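Accompanying notes for the structure given below.
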Amino acid sequence: MNSEFFITPFNLGLYFILIYSVVRSTVWFRNLSRSDKLRLQRGFFGRPFMDSLREIFMESLLHRKIFRKNPVLGYMHMSLAFGWFLLIVFGTIEADFFGEKHLNPPSHAIFFRWFNPEHGAEGFARIYNVWMDLLLAFILSGLLLAVIKRFIPGMVGMKKRTRHTWTDRVALISLWLIFPSRLFAESFTCGAHGSGSFLTGNLGAALASFLPAAEIAPWFWWLYSLSLGIFFLLLPVSRYFHIPIELFLIFMRNSGINTGDRSSSYTEVQTHACSSCGVCISVCQMSYAAGINDIQSVYFIKGLRNDRDIAAITANCLMCGRCEEVCPVGIELGPMRLIERRQGEREDGTLRLAGKYSLMRKRSSIEKIPTQSYGYLVREEPQKADVLFFAGCMTHLTPSVIVAMKKIMESAGVKYRFMDEKGGVCCGRPLMLAGRDREARELINHNSDIIWKSGAQILVTSCPICYKVFRESYYLDATVMHHSEFINLLIEEGSLRLGYLHKKVVYHDPCELGRGSGIYDEPRAVISYVAELQQASQERNMSLCCGGSLGNLTLSSDKRALIAADAARTLTMSCPDELITACPLCKKTFVQSTKTKVSDIAELVAAALPRPAVKAVKKRATRAAVKATGNS
Amino acid sequence: MKGTPKHVIVAGGGVAGMEAAGSLAEMGYRVTLVEKGEDPGGHLLQWHALFPDRRPADEVRSYLRKRIVHHNISIITRTTVEKIKYHPGGTVSVNLSGGTDEKADAVIVATGFQLFDAHRKEEYGYGIYDNVITSADLEGMFNRGRVAKADNSVPARIGLIHCVGSRDEKVNNNHCSKVCCVTAVKQAIEIREMLPSCEIFCFYMDMRMYGPYYEELYRESQEIHNVNFIRGKVSEASVNINNRLVIKVEDTLAGRPLKMELDIMVLMVGMEMEEAGAKLAEASGFKRGINRFLETGDHHYGNNLSGVRGVFYAGTCTAPMNITDTISHARAAVAETVRYLDGR
Amino acid sequence: MKPEGKKRIWAEYQKEIPDDHFFYVRSCIRQTFFAGSEQVFLKILRNDLGKDVFEDPRHTTCTGIGYHGDVVPFETIQAVVARHFSLATEAGYRHIAISCVTSFGIYTEILETWKHFPETLERTREDLYKATGRTFEVPETISHTSDIIYKFRDEIARKAKYNLADITTGKPLKVVEHIGCHYSKMFPKYGVGGAEFPHVLVGMVESWGGDVIDYPERRHCCGFGFRQYLVQANRGYSLFASRKKFESMEPYQPDMIIANCPGCTMFMDRWQYTINEIDGITYGVNGQGIPVLTYEEVAGLILGYDPWELGLQYHNVQSIPLLRRMGIKADPARRFLAKDGTRLPEPANLING
Amino acid sequence: MSLNQANKFGFVINPSRLIDYDSSDRKVRDYVTLREPSFKLCFACGGCTAACTAGQHTSFNLRRMITYIRRGEIEPLRDEVTRCMLCGKCLLVCPRGVNTRNVVAVTAEAISKLDRNEL
């Protein structure tokens, strides 16, 4: 063959992307915090490394998670990723084994057929050829699905598709061209030389029968090389950058790095690891229940990547966490959004192409100017108590929950103090959800002071919103319990005598309690103890948001009502007698959107108390409870 | 009905009178409709569109006009009923202006209301300042298709003053005229639609959105039409050097006095007992309530009864009402009349 | 503005103002601060118009300041006013002419009370008799002195040597008229033209050739208010109210203010000085201040009385530029000379002084 | 006005309590309305204020705050708006579906922008 000049685009692209990746990952590493650097170093030489390799194989190549979620989509990803991986591996082996010499440059493996047009006529090489054709067919089948997905999303089971930038589009076209052009390049070459296997050989023969195959072949080799080269060159500025970046992410995550509460190399890596697959859109209630289709995590991440002003997107999210549960890449979408909410105003940086290649984004990281201050709060001197009950702001709007909790605790003989009986101070979580952590700290300090001074060993709250912040952001001596946990404890230790209600109920996991704090079993145990618990189609970690979420600052009340109605419909599909929740906000929201009776778990339990209330037998219940939960 | 048809005189050719006359004629009674103006139609003649659905007033007008085209109905215009008297034996005699007398078997009084004379609220300067108008004047502007200041320029800010002549001891009207709040909201929306850049302020004491779809209209005016509402009674108006109106009001929600310039101030004039009706009541010995409207036999179940045999009340001569209620009230008066005539 | 609208209202508020034979009662504030004003009223009525005005030196304050300051009870003030009526009855007069708006308000309030609660009249008769042995007749009419000048405004105009116009351009002067609150705001029917658009001063200004300014805060109180003024710490309210009026009339660049209440004249005049001291602002044409004159002073000026005899030099805002505009000659040398040639004390801090 | 002048007379000119609608400006109102259109719906029932967690401790009054924003009276809000805890209780009681929590957040934002001349 006279000219091998066509391999230049490929080489250019390949070496560019290799060097770029090394440089960029070095920059990221340098920008990691000290502790994260240590984690990463330790991880490199330990088990995390092996875990990462396994995960990379399972997720980045086989795409197991997507497979589970949606087999067609999974197959598409797998055929492209795993197929290409195999093609490279076996192509390299092929070049090494059948080529003129060992340790060829990569181009020799990629363009093997060009260099060895007659190869594979017989013997083992012939069988190997079948294998290589099979791999190519495998990839092409996935590509076909991708094309279909692009134009008819419904065909592959996708509800919504993502929208692309121009670099994405060019990269997409070049990606799509790679394998067809390889197919035609190989086929023409095979056709001209009478070689090739079932795919390339037959197609080549057919094409050569009416076309000058030898003349046409170089054009397709050019196209093949060009599309590869362009794809590699555009990789860092397109959504396909996620392919290499995901490897970093998996490794970092397995080393124990997490998002934390400010932007870092890790958030940067997560930003680029998003494959824009759009799974987050499909599960988003804002999308399918309220018809809002521009704020989902994929658009949020894309906005971050392109340095757009995404304040409106950032604020308009329920923070329910469903998308995070299904994200195949495992991006911590909730914390990422919260970090962004903490940001002050920023310019809409319409990144030019060069900017997109820059190694470390200079995203202004000004914290919001504090607007709130609570100097007016007067420090209290609380009375001592073993158990402190904090109803929470919202619970004061559902007094039945408070009454029920009082009944339950009195019936169990719990000696408690009602911390916010006369209206307390907010726990601070709503401020955090609004990106105002600094201001939240003032409230946290105020409440912490009261809790510490009370000497309480258990802090019980009826509100999952408070519960989450008490557990995560307060430094307390007391054990923090949601009332469902506390009731469960009372039942377990036998201080609560309860009857059985002949009712079928369904349980709704509040976001902050379930996904937010991992409390799934205790409420179920409590409910099962007093009533018949039915299963909901969406529960536990995929439980729906009621729509009332404080996580969303901007959602209008009518859109909330749509979400609530949809969630209530799903939950009451089995026609339960009651819809049980464990959050006053969920209760208030559901009451407006379903005819089914909505009760808090405490109300359900209070209804199962024997009447008239028996005098509490176990006066030492509190102490027992304290012992049982430990005293950390 | 057998024999010669019985004769009913309807005093007043407004909405109630027309509806009552039409209903009676339909049932075969001979009706004489006495109207003081040139044409029957009453206040509806001046109105452009009606709340809360904003349908053209013309549609209701033509319904009522058709209603009184009937061979049983004779119409006397430019005439008022001056005195009604029941004679033992069942005849009711009616003295008409111009000296003629009529005899009838029953009379329906539907003399209606009159709009509060805005001159009486001197502090608002109606008739003194160029751009102080009443809600009725504004309807006239709507009819002419243009809302403009006295100098024909386009207003940038219009204030609608609720409760002018209603709920105001100072003008001897303690009653609420009921329909002005929703009229103000309707007119505010209409102005916004004609002049999208014109700011509208409604100055109200209470928003009394008592009827179906009134509250919805109120909400719409805020949500879609950006009408502003300030709670407080305007105390006085004056003009500044640019001949713009300056009003003073307490913004009772802020708890502070407020001063604002307006291009046009619209006074939402209330409803009062009609003058000719009042004279008729005096001459005929009809009782009147503390609101000076005719007092009905029973507020709950005898709301069309006059206390005089053979005489029944219909419509706004008894109290302020909207058109819907007026028509219902007129039909009820007809039912009472028929019951009376049949029972004799 | 539609003048016919105002005329309609004026027609509704016409009161009976007698033609002659007045029993005159003075104003505490006015005879102290604007003594020339009281004097010129008597001169105009007696000399220019040839009317009979009777004054009894035994008449006292009406105690209105004490009444509004919550130190004089209503029964007491009724007895004091009844005594004045008794003096009038004794002298054979049935028409009271009151120089003070506060007194005028008190008189009207008492007369209305007696009308609606006749027992209070009987009680007052009893009180007065027990205290002084006097009896009285309720007077036939109550006129404020501005009502009387209003009644004779056209006659005065006919005798006028000057009018309210700029002598060089011939343009009418821009005049702000200000009515004392107690003149008509309590009982509009006792005031000429009512409360919203009072005509009493407007009529004078128009008859005498001036242009009346209708500015947004026309109806606003001058800020006097007894309790505001009597307590030093509260004077800020008073001052604030006056400033509000000045700011509202400022765009019209008025030449003068004419008022019918002693308190208003006094405060609108003196506060211009205080505001200047505090805020450094002087209102009026060329920042020369706005002279505040009583209606008698204005009447006196156009009838050709000597400004110094009217006592204009004892206003804080001096009228010299105004006099110049009107073409009235005033000898600066005689400004602070008494009739007998002795030198009067010269006030400090005069505006336009 | 200096203390000297105050002492000279023993009083000062009282500040105005008047809302002068034509001299106050409504940038904050426009900003809030644009970003949270439900702001327009408030009819001042005061439910939010009655439910308010912060209102139990301090003079924060959302109903009054909205009135002031509408009139363009920003001075009284400067301090007031900082007192809200954004707990969201008011959201649940508002009969008109006003997104009250965001009204406060956006107002706070608007005022801090106003102070930086960015409005």
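For clarity, chains are labelled A, B, C and D in written order, and residue numbers in each chain start from 1.
As a working rule, contacts are C-beta pairs under 8 Å (C-beta built on N, C-alpha and C of every residue); 3 or more make two chains touch, one makes a residue touch a chain.
Remember, predicted model here, so these are calculated numbers, not experimental data.
Q: Identify the chains in contact with subunit A as well as subunit B, in label order.
A: Looking at subunit B and subunit A together, the chains touching each of them are D.
Q: Among the chain pairs here, which one is joined by the most contacts?
A: A-D
Q: Any idea which chain sits dead centre by C-alpha averages?
A: Going by the distance between chain centres and the overall C-alpha centre, it is D.
Q: What is the distance in Å between the mean C-alpha positions of subunit C and subunit D?
A: 45
Q: Compute the distance, rounded to whole Å, between the mean C-alpha positions of subunit A and subunit D.
A: Roughly 39 Å separates the two chain centres.
Q: How many angstrom lie between the centres of subunit A and subunit C, each centre taken as the mean Cα position?
A: Distance between chain centres, rounded to whole Å: 84 Å.
Q: If a residue has to touch 2 or more other chains to count, which residues of subunit D qualify?
A: Within subunit D, no residue touches at least two other chains.
Q: Under the stated touch criterion, can you name all the chain pairs that qualify?
A: Per the contact definition above, the touching pairs are A-D, B-C, B-D, C-D.
Q: For subunit B, which residues are in contact with subunit C within the complex?
A: Subunit B reaches subunit C through residues 119, 122-123, 125-130, 236, 238-241, 243, 246.
Q: Can you list the residues on subunit C that touch subunit D in the complex?
A: Result: residues 232-237, 239-240, 243-244, 274-275, 277-279 of subunit C touch subunit D.
Q: Can you list the subunit D residues touching subunit C in their complex?
A: Residue positions touching the partner: 1, 5, 8-16.
Q: List the residues on subunit A that touch subunit D in their complex, please.
A: Residues in contact with subunit D: 369, 371-374, 376-378, 393-394, 396-397, 422-426, 428, 430-431, 434, 436, 443, 548, 550, 553-558, 585, 588.
Q: Within their complex, state which residues of subunit C touch subunit B.
A: 1-2, 4-6, 8-9, 194-197, 214-219, 248, 251-252
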